[in-house]
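Both of the next two complexes hold chain A, though its partner changes from chain B to chain C.
Here is the complex of A and B:
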């Protein structure tokens, strides 16, 4: 599962849907792998528009990366310095994969597992509805 | 006509692309101009719910909106594996983003995120919606892709009732129906809740009449 995807998923328990603490999930015991993918600066800039930055910073911290700025950077894909930052973000968001690990809801404490890069959000019967 | 993705080594626990899947491909071929101008080179977040073999997502990646963020969901672990293989095989040059999630509908997806939602539901009327098996080796996974309870609409209504919180402001949902789902009644109910609904395409397939409705605000 791509690092990027951590920004798009939250606790699946119905009672947690309206809670602010069900997103992002907390990441623990994660095994990371890098997978090379073509770098497209414009695509990355569009992608950043969709990103909840504070959640991204939080998950990066869970995974041991304290290097992200606290505010979402405004980046221009034709500026050379900005391209360097975009390249770093590409490396983190697109090329970093979570192969195995745990995701924990900060609201209800339910633990979801990532196995072989697939996150599993199926709930046990007592947590459905 | 745009090329159809190849599905290799289809697992017998996964729904084999059929008339309904192909109608979705034709639907997106028909919508290509609209979608390209509607999202104007931005990167929409596209979610296919209950993706099965992954043929529809792979087709959109190759032909319709290549630079997008794709997520697929399925409760069936065999479908997840097949879908990933389909994308690997057909979209090796793909430079957007793709992940396959094991999930019922969009229950674990951040709210208000989805720009394009695609759903080929279990639409066959049946007494009940089957339970999710607790073992990967169970032989009932395929039933989940087919049987939709009363009017074949139980699962589809679950998704439609949450559509408002699922879709982004500009979000659009493309959902497939068969005649026994009474799509015109569904259209009326959704319109009464403030949605705009268009029938994009419909076709007689054997003894079934299939149609795809588009829901947006």
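Here is the complex of A and C:
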């Protein structure tokens, strides 16, 4: 699972949907791997509008990266300096994959496992509906 | 041909052998690619902007491959682990998530610009486990999907309904969740190649869906009395003859003289 996806995924349990603490999930014991992907600056800028930056910083800290700025950067793909930052972001958001690990909902405490980079969001029967 | 939906739940039906068979069949690949392109055509996304798409029931990533080719970034969801494993083997570019659509789409509000689904949502009409209520699952699915789409986000789903009842269930669940839109049927007269596309939008978008070539279906239900008045003498006689034939009566053969008026003899 790409690091970018962690900024959008939330607990699948119905009761947690309305709760603020179900996003972001807490990441534990994660094994990361880098994969080269095509660099698309326009896509990154587009996603940057959607990204919840504080959640991004929090998840990065869970995964052992404390170097993110606390404020969301405003970037333009035409500026040369910004392209460098975008490349860093690309490296972090798109090329970093979580291979194995655990995601824990802060609200209900359900643990979702990531295996072979696929998170398992199947719910046990008692948590359905 | 029997429907796979009637054989087993999706995660069991698409086991290792079936996933392999499905993915390696060039016929399936061809049909899936065609339907994905048609769905994208209906979505009518602006080609200049980047888009973040959700592929519901992505399976082994046959549709995702097309999305990647067209330059979209996507996330796929499916319930069958074997299918997802096949997708991993095929190096699908999007993120894959193992999840049951009937339990909702686990993404926060406004995540996706659009969503597609190829041959998947008819599975939601099945009861595979004790306590599963298809209507509830459909509603939960559409509700969470509506939330996870950005305002004006569009959703196109190709599906294989078993009967009119399933179409009605799906359409009404979508409507209750707040979606606007309807059903497009490609090649409606062909039993084999008929394809149903559910075309929905969450709120009003600047670019509406591409409905080129679509025709509105005129409702067939008309007043019976009016219909009878409109019917010509000849078609009336032919209709009556047909019913009699069906009942096994002996009926005069049809000819060019059928229903002609007798001229008075001079």
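Everything below uses one rule, namely that the second predicted complex is superposed on the first by the 129 of 129 C-alpha atoms of A that agree within 3 Å, B and C clash if a C-alpha of one lies under 4 Å from a C-alpha of the other, contacts with A are read in each partner's own complex, and residues count from 1 in each chain.
What we mean here is this: a contact is a pair of C-beta atoms (placed from the backbone, for glycine too) under 8 Å apart; a residue touches a chain by one contact, two chains touch by 3 or more.
If you're wondering where the values come from, they're calculated on a predicted model, not measured in any experiment.
Q: Is A:9 in contact with chain B, with chain C, with both, or with neither (first, second, both, neither)?
A: After superposing on A, A:9 lies in contact with both chain B and chain C.
Q: Looking at A:77 after the superposition, I want to know if it touches chain B, chain C, both of them or none. Which is it: first, second, both, neither?
A: In the superposition, A:77 contacts neither chain B nor chain C.
Q: Touching A:119 in the superposition: chain B (first), chain C (second), both, neither?
A: both
Q: Looking at the overlay, what does A:50 touch: chain B (first), chain C (second), both, or neither?
A: Both: A:50 reaches chain B and chain C.
Q: Show which residues of chain A both chain B and chain C reach, each in its own complex.
A: 1-2, 5, 8-12, 14, 17, 23, 37, 40, 43, 46-47, 50, 52, 118-123
Q: For the complex, which residues does chain A have touching chain C?
A: 1-2, 5, 8-12, 14, 17, 23, 37, 40, 42-43, 46-47, 50, 52, 116-123, 125, 128-129
Q: Quick one: which bits of chain B touch chain A in the complex? Just the residue numbers, please.
A: 41-43, 45, 67, 69, 71, 75, 77, 80, 95-97, 99-104, 107-111, 113, 132, 165
Q: Which part of chain A faces chain B closely enough to touch in the complex?
A: 1-2, 4-5, 7-12, 14, 17, 23, 37-38, 40, 43, 46-47, 49-50, 52, 94, 112, 118-123
Q: Quick one: in the complex, what on chain C touches chain A?
A: That would be residues 49-52, 73, 75, 77, 79, 81, 84-85, 88, 93, 95-100, 103-104, 106-108, 110-111, 129, 131, 136, 140, 144, 147, 150 of chain C.
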